[in-house]
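Shared between the two complexes below is subunit A, which has subunit B as its partner in the first and subunit C in the second.
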Partner chain A sequence: MSSKATIYSFLILGLAVTALLIVAPVVYAVSLSFYQMDSFVGAPKWAGLDNYTRMLSQWVFWRALINGFIYSFGTIIFQVVLGIGFALVLNQVFPGRNIVRGLSILPYLLPTVVVVLTFKWMVDGSIGVLTTMMSAVGLPQVQWFESPGAAMASVILVSVWMWTPFVTTTFLAALQTVPSSLYEAAKVDGTNAVQRFFHITLPMLKPILTVIVLLRAVWMFNKFDVIWLLTQGGPVGATEHLAILSYRQAFGQFDIGGGAAVATISFAILSLVVFIYFRLFPLDTE
Partner chain B sequence: MSRSSPRSLAGRVALYGAATLIAVYSAFPIYWMVVSSTRAPEALINSTSLLPGPFTWEYYTNLLELTDYPTQFLNSLIVAAVTVAVTMVFSIMIAYAVTRHRIRGKGIIVGAMLYAYMFPPLLIAIPMFSIFAKLGLGDTLASVIVSHLTLTLPLGVWFLWGFFKSMPFELEEAAMVDGCTRLGAFLRVVLPLSLPGLITVAIFSFLLSWTDYTYALIMIGSDANKTVPVGLASMVGSFDLRWGEIMAGSTLIALPLFGAFALLSQYFIQGLGAGAVKG
Partner chain C sequence: MAEVRLNTVRKAYGGQVAVHGVDLHIRDGEFVVFLGPSGCGKSTTLRMIAGLEEITTGTIEIGGRDVTRLEPKDRNIAMVFQNYALYPHKTIYENLAFGLRMRKMDKAEIDRRVKSASAMLGLDPYLERKPKQLSGGQMQRVALGRALVRDPDVFLLDEPLSNLDAKLRVRMREEIARLHQEVGTSMVYVTHDQVEAMTLANRILIMRDGHVQQVGAPLEVYDRPANLFVAGFIGSPEMNLIEGHLERGALKAGGLSIELPPGIAVAEGTPLVLGVRPEHIGVGEAPGAHTFHVAVIEQLGAQTLCIGEVAGVRLRVLMDRTDAVRNGTTLPIQFRPGRLHVFSKETGARINRADADVGRRPAA
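Entry: the complex of A and B
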């Protein structure tokens, strides 16, 4: 087989599999959003834009959209701030540093189910360890999943715990790329550590920070499992975002067209973010 | 940012304090999961001690003898192993072809992969469920594997593209001058040299598949076909909460990951830095 034939057969085979696995389902999902279908094996009936007008005219849709923004915004802020803080500490030299670095990554490795179940156990009723610790230091009892605000806070808290390591590790790697001569020079000029952080570290790492924020924004906006496992979108829809709404429509109410329409709308929103990403960071294909 | 100057006492105390705080914050829930999974029932409910014990293995034996956990563990292993294998084969092919040949639109191919990695899960899950139901293959491990591939394949191509790109072309060219075919050069020269990259892709594909809850929840209905994450989550829904067994089950899912991390952390960290990331 000639060299060219090998490469082309690789490419064609690979792309055929990708098209079948990813492109076809997405096209199918988008097309489903224009049909009315109340069973997964039933015959679809053309509905035009009905699914969209129906979903967009409902208050639950807008609530889900806003909840999605609150959730992704809240999780990103805390992940980034904590992640940068952790990276700055772990960048210092101290005995046992590698152990602490290793420990700080562990939350990221855990399946969401494990994290959520452990959190639920830790705050369980009157016997959870977090509950007893909090009452021991005199903090009031929190009903983690009862009130809308507390439910949103707990999904954000759990998500931040799980994904902060991503920011820590990426930022820690990026810190190594800042030339130490810059810090030396700034030190000679009599600056303090805080000034050096804001005037050297942050500006130097702005590109990587933008990447982190954009990627995390997309993923948090898409996140289904944490919220579903913790609150199922409750209480009374207070933590329901677009992914949960789409799931409920399609698999709870068997309104498959409506579910597909919500999924397509979140797809459109996130495509906008991806578009911005590629404008800011064009691929280097050479 | 290495500091050469000796640190003041206050500075050292603050640093150690911060490091301890990070360690406790990151590891305490995991520690507590393991402690709870081995603490005798009476103490599990009453004891406020943060130290482990009194010990028992009964949750583990209950879990392994009285529930579907062993079957589900095996299901998870099968799903993850097949996902990793298929991901490796096709992502290597695409990434290699894209880096080693002037192909028009290769920027689009690579960009599309990164894009695909960010698709909303329901955008894939709704049509997948419908397709598999129509094929009569609903509620099978195959349907879970295929939906995991929609995540791992783009990830693999994206990462290996970066990896192959940085590998000098001269290596294969030299082999080909010596009489190797393109395929021969690829199998004997490129693949062995790419081992670190391949291991990284394998780790992240495994991680994505092993930890997935969303797709398995949607694709699988019967207890016998559930993967561990879904099986474990459905234990919580049942009438009495058996925290001991639930924590034992959680520990058993997490342990293989920690074991792999201890052995392969360098590849893991390298992968994180290079953009192979688990959402």
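Entry: the complex of A and C
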């Protein structure tokens, strides 16, 4: 086989897999949003843009959109700040460092359902360890899943707890690529530890930071399992974001077209955000 | 500008001693090179002067001030690192200005100093570039410039040329020598390259396994190596070292008998090592000449290095360039007593009189 033929055969194979696994479902999902359907077996009825206008005119849609942004920003800020902080600590030399490094990744390895159930037990109104501790120090009992603010706080808290290790590990790996001589040169140049963080560490982490923020943003904006398992979007939609709304619309209200429309809008918003993000923070910093 | 004093400076990592106690007085404006193989403690000693390594015992003074417990920034030193350690996200101008900005220097003064250093080092066209856009030699010049703008009491250079190719290394070596002449600041320079040491230094400090072997001017360590290690380390091609014992004023080694310089005050039969540089072996007929059997020829351009043996003893002989010598040729050679170095085999220490006139060419 000539080298050109080899290249084309790999290219065609790759494109075929992409088309089958990514393009086809997306096209199918988008196309669903133009039909009125109450199940996947019935005959779809062409609806044009009705599903979009219907969904966009509903308050639940805008609430879900705002909730999605609150949840994404909240989780990303905490994950990144804590992740960098933990990475800096784990990058220091101390006895048992390797064991601590190993343990720090544990939350990321646990299945979401285990993490969620553990958290539910921790905040259980009668036997929860967190509830008991809070009442022991005289703090009022928090209704974690009943007040809107506390429910959002708890989904953010659990998400941060679960995914900060990923951010920590990534930053830790990046920190180890920063040559120690840069810090030494900066010491000779008269910097203190805080100045070294802002003049050396942070700029050196910037490429990784750019990617991490983007990845976390995409994952968090679409995150379904944690919220569904913890609150199912409640109480009264306080933690419902677009992914949950789309699911509830399609499989709870049997409005498949509406659910698909929400998913399509969510996809478009995310694409726009990613586009703007790359314009603002190009990966190639040269 | 200032003098630097190391008072029995020692460094240990747990039980492992890296530097066994260095005493050194670097005079104001002097260029001192720390020379030795990898792991000999030369970089550690430099880093202790910089304040980047804690000192286990001993004290360091810079300009008469005890800096032993001071932070690097408070020692008024500037350092050039082997891998340049330029800030990759800052422009060359910012790299040069950073140390001054951190010291809250007046903006106009920073600009004046940066411009002056960049003119001195030919960096003007690159000031707005990032380090990645420069070649190795240019990056090294920026690293030198960063030290220069600070106008420090002492420059510390840690193997600054080892990442450069051979040709560039020679050019940068000349540039560093010129820089030292122009600014006149004390410099401490670490290298494992004896040519850099010989060409740049006012004095060389030679280290091995954390111990100082010898401190002296370049020609002094070449002419009068204090021990077998220095004898073998300084000089290229390497000095011939012939093991034997003292017998009636001569060294007996196998079938070879070499007359030794006077003043070897050791007992008859003492095991000795005789050192003779390949360039100090005379070639030509003379009374008492030995027969040298050439086995390998290395043409170096201006000189010819012959490797072979004399009476069963392996020897390197360096002579003026010749095409006449072939493998298998025999040459008459002589050892001149005035050019021999005699060492104790047991301790490795030099035992000929210190004032022997080894290495000095007679005035024409």
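Throughout what follows, the second predicted complex is superposed on the first by the 254 of 286 C-alpha atoms of A that agree within 3 Å, B and C clash if a C-alpha of one lies under 4 Å from a C-alpha of the other, contacts with A are read in each partner's own complex, and residues count from 1 in each chain.
The working rule: a contact is a pair of C-beta atoms (placed from the backbone, for glycine too) under 8 Å apart; a residue touches a chain by one contact, two chains touch by 3 or more.
Only a predicted model underlies this, so the values are computations on that prediction, with no experimental measurement involved.
Once both complexes are superposed on subunit A, the partners subunit B and subunit C fit side by side without clashing. Touch criterion met: A:250 reaches subunit B, while subunit C stays clear of it. By the touch criterion defined above, A:222 lies against subunit B but remains apart from subunit C after alignment on the C-alpha atoms of chain A. Legend: residue contacts after superposition of the two complexes on their common chain; A:2 is shown touching subunit B, with no touch to subunit C. With chain A used for the fit, subunit A forms the apex of an angle whose arms reach the C-alpha centres of subunit B and subunit C; rounded to a multiple of 10, it measures 80°.
Touch counts on subunit A: comparing subunit C and subunit B, the chain ahead is B. In the superposition on chain A, contact of A:239 is made with neither subunit B nor subunit C.
Judged by the touch definition given at the top, the superposed model places A:181 against subunit C, while subunit B stays out of reach. In the superposed model, A:131 makes contact with neither subunit B nor subunit C. Of the two partner chains placed by superposition, A:51 touches none, neither subunit B nor subunit C.
By the touch criterion defined above, A:91 lies against subunit B but remains apart from subunit C after alignment on the C-alpha atoms of chain A.
Superposition on chain A leaves subunit B and subunit C with their closest Cα atoms 5 Å from each other. Touching of subunit A by both subunit B and subunit C, each in its own complex, is seen for residues 285. On the subunit C side of its complex with subunit A, the touching residues are 50-52, 71-73, 77-79, 81-83, 85-89, 98-99, 102-103, 130, 132, 146. By the touch criterion stated above, subunit B contacts subunit A in their complex at residues 1-3, 12, 15-16, 18-19, 22-23, 25-27, 29-30, 32-33, 36, 45-46, 48, 50, 90-91, 93-94, 96-98, 100-101, 103, 106-107, 109-111, 114-116, 118-124, 126-131, 133-134, 146, 149-150, 153-154, 157, 176, 181-183, 186, 207, 210-214, 217-218, 228-230, 232-233, 236, 241, 243, 246-247, 250, 253-254, 257-258, 261, 265, 268-269, 272-273, 277-279. Residues 1-4, 6-8, 10-11, 13-15, 17-18, 21-22, 24-26, 28-29, 32, 40-41, 86, 89-94, 96-97, 99-100, 102-122, 124, 127, 129, 132, 161, 165-166, 169-170, 173, 175, 178, 180, 183, 201, 215, 218-219, 222-225, 228-229, 242-243, 246-247, 250-251, 256, 259-260, 262-264, 266-267, 270-271, 274, 278, 283, 285 of subunit A are the ones touching subunit B in the complex. Listing the residues of subunit A that touch subunit C in their complex gives 179, 181-182, 184-191, 195, 199-200, 203-204, 206, 285-286.
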